[in-house]
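Two complexes are shown next, each including chain A; its partner changes from chain B in the first to chain C in the second.
On to the complex of A and B.
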């Protein structure tokens, strides 16, 4: 019973603990500007983490997320700059490129029955290479476009929107996918595939189709994160988001996702991403050097996995 | 018919003659490998262009081979070893690490392949390499510190946003900056413990958090000047300032140039950039190597110099050449 509560509210309690800890050290972290800044710094990892949660629940992993984010940013910037497309078309193009990478991963994993870890390790390099090739290996500057406002603090006359549109997008997408996981057949099938693939297959779940869906979705969400990176940097950056997949995976794990599959929650993953931002911002506000941030974040990840393990032992 | 076959034979000999002379030419020409730290940044492209220019002037072949992944020491070691196997005449190298790359350099020199080091140093190896051609990074940092101090008229609070732990060249720039700024008794360094990290996004996040930390409730900033020691940290800081609508309100000095930073300089959002001369590094690297191979004496340490670019002097032709080098002229022909 105790563990059930800890599982359900674990990530939230952890966030509360971390936030109160830093708020006691420095009240600046409680200002509206600080909250807005932290939320904006969470969006890139957060949106990609939505897709990663689906993959991890289905018992897989997507190591290409960081590369897909970089490719997404490059494609959006290219469509805007070199082809003069409208911002909306460019944005959709970036998301589409991400989805294509996801389909590529999904097809290799389902049709050729290759291990997700190896396939996505390969596409991590392939996609990074494509991003560098497309951009001629240099960042593509786009300057200020309507897309820049996705991740910019709201100007005074637009405060009625409460949050910048990028943050709203993350919240809406998270709510939609969380609802999909909970209330639709597809959602339950994703859990079934991750819990026990054989049983799911025997029960008539189209395992391959479910897997193809989760990898495609993960690619598309990383594509959206790429759009966000482009908006944040006002630049398509082929060398951006290096190693970011580890942050994304960490967010999912802190949020209660299990790398054994069958467990994870969208809300948890978003909270996991927020926890990492709060730690980084909190440390930087106090003028602590980055090695402190790294140790603290690492400890939180280990703690999250430890709680996960203990709970499994309890229920076993 | 006879004329035709005669023609055919003539053409054949002509081609044979061509290919023969070409073969001879190839084997006479010196082949020099140029190994950068990475291949994606503008900086390395400038080095490449400089090397191509020297190779055309001196009629030598150059092989441009860079690590696919930046900061991959292992791969750079493999690349050096491959050049030894390929028996090139000389290697021009920008070492990724001042310790880890020492052994492969030593083994190349032991096999009679001389090595010229460019851009970043190699520790305690003066007796191994032929020449060291680079920016004096410490001096570059000092120039930045002195200029920022003068812009602030010797008074105020400044921030140093460092680049990344364990990067020798930026460490020196940061040290040079700290030394120069310490000479202004009225200037206080309020933060020098934050690092931008390797990507622009992390640089931007660190910058936003610095602004958050030093801005009080009335919105006044708690600092008057900023120094960032490389391109990505300068870009991240510029973005953060723009997003907080603070661009131009604090004196901002960066390091290295890119189109986006030059635009910031034009708009008065950046007040000065310390720029190096990578084109000259590549050019002198190959030139020095050829001189050495031809038995001429070469200097052990060549400083390629740094310049401080501001809004006022950026339109001068020599500065334009530094910030907008015509790389295509040299790289397209390859």
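On to the complex of A and C.
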């Protein structure tokens, strides 16, 4: 087995394997509707995973992602319902709220030199609390707005778009950020900070600025995921997305990200998110109870880390 | 580049001058009025025993420390770097023993890290490749391709990448700190070619090494440091290795070392043809009851690896270890049970659990004695610890005090107390007096003498870089050089000079 090829296409091969496995069990998973549903269900985790990938490559972690998603959905709903803002302004408001949470994390981590795990564990609770406070702890129903189309199956006359706009948004964002990582100075510096922070500092990389950027970006991306959640449920849900940060982190890790920093890829993370959706959908279509789904998902995560370890031993 | 210009003025102005540099850490004087200069196009070797002040001097040069007194000039202008980045950008590049590369990035990304040519944040990849190739083509090393991730490179190739990084930023002074300690003969030869090449281009190179044969081969001048002072700066062609060694060790021996009559008993530990993955290579010796066996060697010779391999902390490739009835390689827990304990050279990282109490640290290896039914009663731990606090004169408030609140010397005594509390027969001591004050040293020498002479006597295997202490404490001494352990000879047949010659491979 050539390990270099496995390195590049590992997550993709895993996706293929999981998909073929479920397709053999039940052909329903190959229908267009099933594919469309799976893609839509991936978008929320997938967009947040783009930001999480940046954080993890830089050697950090963002445990607040799930709470930020909930806050994002609440802020969008609130701006639409209570303040009667236009959908565009409401959407930007939700994303901005996420970015603010990210800045909060980033400042605590860079200025006060606190450990990312602890800081974001704290903001996991803080942000969730803010979301509940803003909404009075109950979902804010919005009803049908133009934003609802972001994650709705396409009506027959719009099939030429191929995918709903939310899915396109994820793809475009992923491409942009992947390009940023590969072709810009900032991208290089994110890898350098995660790989060897001292060296990066020695070479004149503005380590603090890089960290502040990745956490802010992660907050903003989770804000976008919040917007998607709002669009999908047509309500701002302060208790939504609980524990979703773990799905997001798992997606990044399955996609080849290393929690020690220095490694990870946007494409890999998106594939990781898709793999988890495929497992969930596959289990549901086969009528397996949720506890089986959880066990299978857990096993896949452990397996992904194991393969990663083996791969490193080979190339070391 | 202004190489030609610089070469012309080579004989007149030094490129770098360090004048009357002093630095103290607390009560310790690390540097005491050191003066040092390097000419353009010169390789200047800096030698001295461990602790002589070489690394402190280089840390000041690279901006990691600030001098308490003294001044520096670079290219004739006042130079006072505030931090390593500052030094690098002004033209002083450090290549440390522990290489500092971002292993996940490629060769070219590492070389241009922090100074990527970019427009609007977008990296100009062609220029990156061009500039990286320029920096590395002088090396002509087959492994180093711009696109290779650094973690796939060998140690020697990584080192060259790091040199390349300093060249790319335009450094005119390169500091190579023990560059050959983990290189093969062939790699060393290649490195020397590159150093000569850089010298011919007018760069100034400060070469720190324990290996005097290397100094002879590559350096133009040599400066000897001892106890934080400059002893002399000489042309390498005018000075013999013998003289350098004499300058390095020339100090008086104090009567710090008690020596009671010791009765050598049966063999407690036999090490036979022991090899690790790299070091040691085929080491053999016997250690007797009532004996202190010393191992001398320079940093990187493989002494610590030898001890760690014996104790089962490092992988054993081949060979045999016999401890009484216990035979073969084992993990540390088996060795503790067989009556062998180890004192790590690295107190802070490995030797002690810094955020636990003194009592926890002292009793950690053997918790079963402190209460009925495998319970661990804090009161009994305290009682046992108090006894050592008294005997070793550990200065502290109480056994439950956190160990990182103690001074280095008292921490070291507590670390040693663990072996005594466990009551092991064989004590492996790695640099037992590193970085501690004289009073604590004297006490540790006293303890070592006690355990080797008082019945029932124990056996001590001790590593040290400090010659007087080895000569003062040990019954036999063996020297390690590049992974090879020499024969253990009676202390009477050694002196500082002979040990140093042997350790530097003369």
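In this text, the second predicted complex is superposed on the first by the 315 of 316 C-alpha atoms of A that agree within 3 Å, B and C clash if a C-alpha of one lies under 4 Å from a C-alpha of the other, contacts with A are read in each partner's own complex, and residues count from 1 in each chain.
Note that a contact is a pair of C-beta atoms (placed from the backbone, for glycine too) under 8 Å apart; a residue touches a chain by one contact, two chains touch by 3 or more.
Source: prediction; values computed, not measured.
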Exercise. Should the pairing of chain B and chain C on chain A count as a clash or a fit in the superposition?
Worked result: fit
Problem set entry | First (chain B), second (chain C), both or neither touched by A:309 | neither
For this session: In the overlay, answer first, second, both or neither for which of chain B and chain C A:200 touches.
Result: second
For this session: Using the superposition on chain A described above, determine whether A:158 touches chain B (first), chain C (second), both, or neither.
Result: neither
Exercise. After the fit on chain A, how big is the angle at chain A between chain B and chain C, using C-alpha centres and going to the nearest 10 degrees?
Worked result: 120
Exercise. Who does A:232 touch here: chain B (first), chain C (second), both, or neither?
Worked result: first
Seminar exercise, completed: Per residue count on chain A, the busier partner among chain B and chain C is B
For this session: Examine A:86 and indicate which partner it touches, taking first as chain B and second as chain C; both and neither are also allowed.
Result: neither
For this session: Could you say whether A:191 touches chain B, chain C, both of them, or neither, answering first, second, both or neither?
Result: second
Problem set entry | Gap in Å between nearest CA atoms once chain C and chain B share a frame through chain A | 28
Problem set entry | In the complex with chain C, residue positions of chain A that touch it | 183-189, 191-192, 194-196, 198-205, 262-263, 315-316
Problem set entry | Residue ranges of chain B in contact with chain A within the complex | 39-42, 45, 70, 165, 191, 193-195, 197-201, 204-206, 208-210, 212-213, 215, 217, 235, 239, 243-244, 258-260, 263
For this session: Flag every residue of chain A that touches chain B in the complex, lowest number first.
Result: 28, 31, 33-34, 37, 41, 44, 132, 137-139, 141, 152-153, 229, 232-235, 237-242, 280-281, 284-285, 287-291
Exercise. If you look only at chain C, which of its residues touch chain A in the complex?
Worked result: 84-85, 88-89, 100-105, 109, 113-116, 118, 121-123, 125, 151-152, 165
